[in-house]
Amino acid sequence: MAGVFSPTANIVTKLVLYGLLGGLVTLAGGAWFFPSTTYATGEGIVQPQPVPFSHEHHVGGLGLDCRYCHTSVEVSATAGLPPTHTCMTCHSQIWTNAGLLAPVRQSLATGKPIRWNRVNTLPDYVFFNHGIHVAKGVACTTCHGPVDRMPLTWKGASLRMSWCLDCHRDPAPNLRPKEAVFDTDWKRTAATPSGEQLMTRYHIHPETLSDCSVCHR
Amino acid sequence: MTAHRGTGHTFRGTLAAFDSPDAMLEALRRLRQEGFTRLEVYSPHAVEEVDDLLGRKPRALPLIVVAAGVLGAVGGFALQYWGMVLSYPLNIGGRPLNSWPAFSTTTFELAALAILLVGFLAFCAFCRLPRLYDPIFDAPGFEHASQERFLIWIAEREGRDDRDLLQRLLPHGEGVRIDEVPA
Amino acid sequence: MSPSPETRADLDRVVEPGVTALSVTVHVSDLVLERRTPRWWWIGFGLSLGLLGLFVVALGWLFFRGVGVWGIDWPVAWGFAIGNYVWWVGMASGGTLISALFFLTRSDWRSATSRIAETMTVFCVACAGIMPVIHLGRWWYFYWLFPYPNTMALWPQFRSPLHWDFVAILVYVIGSVLFWYVGLLPDLATLRDRARRRWQRVLYGLLALGWQGSSRHWRQFKILYGLFAALMAPLVCSIHSIVGLDFAGGLTPGWHETQFPPYFVFGAALSGFAVVLMLVIPLRRALDLTGVITLRHVDVLARLLLTASLLLTYCYLMEVFMPLYRGEEHEITVVMAELGGYYAPWYWAKIILNGVVPQLLWIRPLRLNRPLLFLVALGVVVGMWIERYVIVVGGLHRNYTESSWFVFMPTVWDWATLAGSVGLFLTGFFLALRFIPIVSMFELRELLHKKKTEGGR
Amino acid sequence: MTTRREDLARRIEGRLAGKSGRALWRSLDELSREPAVLETLRTEFPGLPDLAEARVGRRRLLELMGASFALAGLSGCAPAEAPGEAIPYVTMPPGLVPGVARHFATAVTRGGYADGVLAIHQMGRPVQLEGNPDHPASLGALDPIIQASILDLYDPDRSRTMLTAGRVASANGMVKALFDRLPALTARGGDGLRLLTGTVTSPTLARQIGALKRRFPAMRWHRWEADGRDAVRTGAVLAFGRPVDAVLHLDQAKVILAVESDVLDSAPGHLRYARDFARRRRAPEEGRPEEMSRLYAVESMPTLAGARADHRFAAGPDGVEAVVRALAAELGAGPAEWRQGAPGWLAAVVRDLSANRGAALVHAGPAQSPAVHALVHAINEALGAPGRTVSYIEPVEADPVDHGESLKGLAADMAAGRVDTLLILGGNPAFTAPADLDFARTLGKVPFSIHLGSAVDETAVLCTWHIPEAHELERWGDARAFNGTVTIQQPQTRPLWGGWSPHELLAVFDGETRPDGYAILRATWMESFQGKGDAEQQWTDALRLGVVADSAAAPASVSLLPDLATRLPAAPARPDGGTLTALFRPDPWLRDGRYANLGWLQELPRPFTTLTWDNALLMAPATAERLGLQNEDVVEVRTTTGHLRAPVWRVTGHAPDCVTLPFGFGRKVVGRVGRGVGFDAFRLRPLDHLWRLPGVELRKTGETYRLAATQHHQMIDSPDVVRHATLDEFRHDPGFAKRKEPSQSLYPDHDYPRNAWGMAINLNSCIGCSACTAACQGENNIAVVGKDEVLRNRQMHWIRVDTWYEGEAEAPDQTYFQPMPCMHCENAPCEVVCPVGATMHDTDGLNVMVYNRCVGTRFCSNNCPYKVRRFNYFNYAGDDNRLSQSWNPDVSVRARGVMEKCTYCIQRIREARIAADRESRPIRDGEVKTACQQACPAEAIVFGDLNDPDSAVSHRKASPLDYGVLTELNTKPRTTFEARLRNPNPDIQEA
């Protein structure tokens, strides 16, 4: 009685086995790399906005200070979004008829707030505090990216837990003198104190910063 | 022409079938005396003496498996040490970071896991499995090797005609001549 | 094959006279290849499917609503799920012990029963493996117990007995499946070669991976099987020790017991042997295997059951004695609660079923009385479930804090999950009966050959 | 704004046209989810995140967990989905800083009396209440009921629209309807115009009503407070000839006799009293043992004061009165014949009281007869209490009258058709009125009746008009505290559903179509501030501080009238053997039923019984024994006034021969929470026996009814959990509470260099009021699980108050309360067994819990020796119907399948830590107060840094009484207790 399978069977077997192996490797690799893709993190992704507000123009161009609009960034957990009034302080004088600004004027007229689309967001179980970061010499651009060069605002960093931890475990590289925190085109010079010096100056103790309770309550 | 085909026989040769292992062994012994070297036995169950007669000693598998076990253990402990002490050290219930007694069970289990997987893979490799097709399957009567018959494959020796010799050597067994094993 | 007057000789025979290598091969493989499926199989399989359906429904509701559908409460946060888990994994051990431990001891009675035992193990482990996952409050995150690189930069907490357990059960599943499959290879080859229908030849041809039975194959096979056996024997002990540590590792009174690891190993063995008996007794008749599964097998299994029962009974005594001896207030409270409290009926049921009833097996005629033996085994299986249940809830319902004392009241969903898991096991086992050789043919050939060379006994 | 409100009203009218009764309420309920309505609401309150979105936002956490776990786990959170919207203000309210909490002082009343509170605002909305430290009645503490009023504010079941005859109407419609009646009324001089209120302490309301009376001389003003203080008032009148209020000074009292006193549970000012009492009970461990007070209690139904008493005597109502009379006689305030039949122990008590003349005090609860109260005044007089341990002030209630008589009159007039316009300002008389008045039926006869109420209740459906009442946190108002101090109530938010305040409603009579509550209130106070300096300044100070400067009631000079004894009504006859007396008592949390729709209160275990979600017929175990009754047996209760069926619950320490019927349950027309909960005891409560009704018959029905208690084992077995001793024992062996600790350990000593947070709970202070449990529930977003879940013992409270009895169940020698939060063990057993590391220690030694890492193995709970961990068996938070913006935004809302537990209010610690770090300074002692500590009226709970030797908590732990529970397990708990001391009278011990 002849055998069940023809010689091709062996080749097919090999192909199947190598296929499975390859598939496994691809899957693992994919699972490894996917989270760091901008698709997964939303990093660098621009959200459509009711008013095409340009940080590039206002910050980079006109040189407005971050705090002019994000008033509570130094004292509060949230940086705060500018109320319509803040926009109108200038735009009641200039570009008073610009079509782009119609929603702003309308908001003021009707008392209906402007509904911006969030760019950065954290899960509800993560509690982030802007005030303390600013106070310890973590600059806006460190996390939000080169805001002064963003015609439309995009997400500056992955905001993943591991990303947070990297800095909480070793803050030194990301620190700068407090007074430069809101300076969007600040460069480290020979004169600037090292990260380690800043850590001692601002009493930063990394060993306490990777406590789970720092962010999760 | 003498290319090995996994099961260690060449294209040409003789397949002898026996009803009892003892007869098979007897024949095998004689064949060895006559200097036949390229032989292979197919049997429905393992027959201890065969290996001695064919002079084959298995060594590799045990060593590989032991090595796998050691690696599994070391790797297993390293993994736990990395996770609990180096990567994210946390004060868990006031226990020491390196709670090695607590890590021991997992270490053992991972060693066992390594042994199981590597052992099986090595086994497949040594037996060249999976191998769904082999010329030997086409040999008439081969299916009996997995039931009740004991077969000896005698590879044809280059430039020699052993027909009479084999007739003489295997008088009781009913030898079967194969001219061509379709490749 | 009417039960002949059983003499000493009968009890020594592991194979009845007149059974040859060929006859075994033909009979066993024909069970799979040729024989048309008997009615009892269809009935049994149907019932199993019904229970399996119940399992699906129970899990569906569980996943939809949450673990609150079970009776677990505060302080008794563990209930049936964990009890079932320990129960299933315990019974699984039976197969591994028989095929691994007694392989190492070269016991010739093992050959005919090993396949049944191992198959049983595989499906028991399947049931066991499900329980810890579904008992999670958020089962869909069970994979957080795997140490895999993640963007949270987090690792499992390797100090937790639950994590040991997770790893152990994982290894055990893989191990028992591999052990079972490797043991099957030669027989699958036999089926491949004996099959006449095309699909059968292809199916078993694929499963056999091209096994040839060459001396090379046999050589590697022997080594690997020996290694696996040598590994599985300690592994199975480690599993149950770790399961024991799930409880002993906690400081709940009634759980914090030094003796738990061996205690659980003994318990596992007991339930394991019991299940094998429950399967062997009907199957040797139903499948006409009395020739190869002889009274000796029954006798041996019964003796093992008795031995395990004795070991376990000793643990039961210690379980009561030690707390009294230590005099630790809360532990005594728990013991007293078990002896005379809300769960006393369960406690005493476990003592009777696992400790007292098996003592009948000291008497040989009773030991050889298959219906009785079956009932005893059944009692043990039930008793072992009760034991696990009492262990889980006993310690929790009388914990250190009296103000939180409360009892556990199972809901219909608890019972459905238990019954459903039985359905899963039976379904699997019935399928195995139909599609794989339920007795290891090549081992029997080997055995018969050995017997012949030893002089025809 | 108003325009927008109106078109909301119009939209609603449209939606509801033609609907009535059931259908109406259901569609009202749907309405709350209507986009149109939501839209309007959101634009009304830019501060609130859009309701619908906020809901989604909160739920996102849950989704993250339930959602496909394909890659969710690999990446820790889901692949970037649209991050949702961000909605800024149009105009930022002055002074508001997004994300920073703000505090505003106001007051919430309870039975008319004010407790000062600070409302904590997040993003412009109040999320929580704390006591106002500057307020005399609160001193920073709060009881569960006041705390729950924030939940009441956000209760989705509150009424949202004007209703007339079950149809939705507009405000204008109501105003017009009222205007139409005015000419006729004016013509009749207000004849037929009636006003029904509860206890009124509001000066402004009093002023308005006064004005109304002047305008309608024939108008009559009726009062009804179901758990009111008629007896107290009448007692004062009997004793002094005029109503006065008594203010107690427990800090001055060395020996106290509490006659079923509510001094620690619910009396106006009870928070203040609890603090004064607790201070003296802590004296011994602070080195002044001689200052420890001694408390006697005689009572029928256990009270908190009784539980804390050094000697507690249970007696039926008659027995209690007999004791008081005998005591009066002993002290020469009554005829000698009263002495006979006095219990043996009384002599010793009398000796003790009179030995401490000037430092002795007797106090009786509102359920005692006027005679008792009158005698108590006499006794106090005899003990030299006035001016020392008690002082008398002019009544805080405006124009005090006897509520019972007042309501009786109204009912009679309604029945006789003499009432044609009835204004019911708050309250729910149709439900709470005495059974024999048949109030509900007669109310239906009134041609024009207006009900101003926060929810549609039994009264609302009987009135021709229902007006949604603005919540006290939504409106301008004023109210007085137990000592008369006035607080100006400022609104914490715009009325969520456009409610009206009583001030505004009354102003309609002055022809105002859209009255302005603010103007009305300001008018009152500007007037009274006149001539006392800068009125404007006083006004703002009053608002800022939450109290109007020196507005306390004037002390009243009173003298005891002669021959009091002869004028007293006869003592109640001792019921002949066998017949039972029914005692009517308010449920400790639901009071007269007005809080029935508040889940926090429904699920808060009642003291002693630990019952939730039900009331029960309470009786002594002996009585139950005699009648062959078990817990949960349903009996038929028959009285002269009617009958009802009620489940039985045995109360250790209850007096024999009487049974207690707690009222406030069994509401019929009520929101989703309170529906079908308990039985209505008001149905049996007659006007002339408001508090006790003799001749009750019980018949066993054979049925049983499951009751959800939270503690099933209350008799102390192990001596170590609650440690206690008498003052003398303490004097001889101050360290009695200490035990041998395990010295060596396998584990290394972790050091906590920065802070080591710890807590000390003083059992001498704890009065078992459950304020801590309630505060914790509010602060930490603890879900309400409902009766079925409590029956399975799945309640979620992070800090529970264990109640222990010692002695025989009949009359326990002692009752102990022990609050049990997480112990924050340094060697935490729970942490080791978690396979995913969801719970661990942080650098300050806190045992913290990461909810989102938890997979729900529940091993931690099994392994916790203190059983303080709680598990979300179902999606409790998600299923809760409270408005999403009422959750505390600083605390994660836990999802299904997650373990949770006390975190020492980690969110407050983190807030302080960040504040401190911003200024690079250490956290100051007292900068972090846990919610339970904040709320505790008795200062029993102290939290702080153990590394700081001068911190309050370190001082507490230095006390010789300090001990840890189950330390033999080497858990090293951070939470420890101070053992309880008792100060028994040796004479009685011998007896």
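By written order: A, B, C and D. Residues from 1 in each chain.
What we mean here is this: contacts are C-beta pairs under 8 Å (C-beta built on N, C-alpha and C of every residue); 3 or more make two chains touch, one makes a residue touch a chain.
Quantities reported herein were computed from a predicted structural model and do not represent experimental measurements.
Q: Which one of the chains is closest to the middle, using the mean of its C-alpha atoms?
A: Taking the mean of all protein C-alpha atoms as reference, the closest chain is D.
Q: Chain A to chain D: how many Å between their CA centres?
A: 46
Q: Between chain C and chain D, what's the gap in Å when you average each chain's C-alpha atoms?
A: Computed value for the inter-centroid distance: 57 Å.
Q: Could you put a whole-Å number on the gap between the CA centroids of chain A and chain B?
A: 58
Q: Centre to centre, by mean C-alpha position, how many angstrom separate chain A and chain C?
A: 54
Q: For chain C, give me the residues that contact two or more of the other chains.
A: Residues 150-157, 159, 163, 192-193, 205, 210 of chain C touch two or more partner chains.
Q: Can you list every residue of chain B that touches 2 or more other chains, as numbers and ranges?
A: Residue numbers touching two or more other chains: 88, 90, 92-93, 95, 130-134, 137, 142-143.
Q: Which chain D residues sit where two or more other chains touch them?
A: 74-76, 829, 832, 837, 840, 842, 853 - these are the residues of chain D that touch more than one other chain.
Q: So that we know how the chains sit together, what is the shape of their touch graph: line, ring, star, complete or other?
A: If you draw each chain as a dot and join those that touch, every dot ends up joined to every other.
Q: Okay, in this complex, where on chain A does chain B touch?
A: Going through chain A, the ones touching chain B are 1-10, 13, 17, 210, 212.
Q: Within their complex, state which residues of chain D touch chain C.
A: So the residues of chain D in touch with chain C come to 65-66, 69, 73-76, 711-714, 716-718, 721, 789, 792-795, 800, 802, 804, 820, 829, 832-837, 853-859, 861-863, 865-867, 870-875, 895-899, 966, 969.
Q: For chain B, which residues are in contact with chain A within the complex?
A: Where chain B meets chain A, its residues are 88, 90, 130-134, 137-138, 140, 142-143, 183.
Q: Any idea which chain B residues touch chain C in the complex?
A: 7-8, 21, 40-47, 50-51, 54, 56, 58, 61-62, 65, 79-80, 82-84, 87-88, 92-93, 95, 99, 102-103, 105-106, 108-110, 112-113, 115-117, 119-120, 123-124, 126-127, 129-134, 136-137, 142-148
Q: Which of the residues in chain B come into contact with chain D in the complex?
A: 90-96
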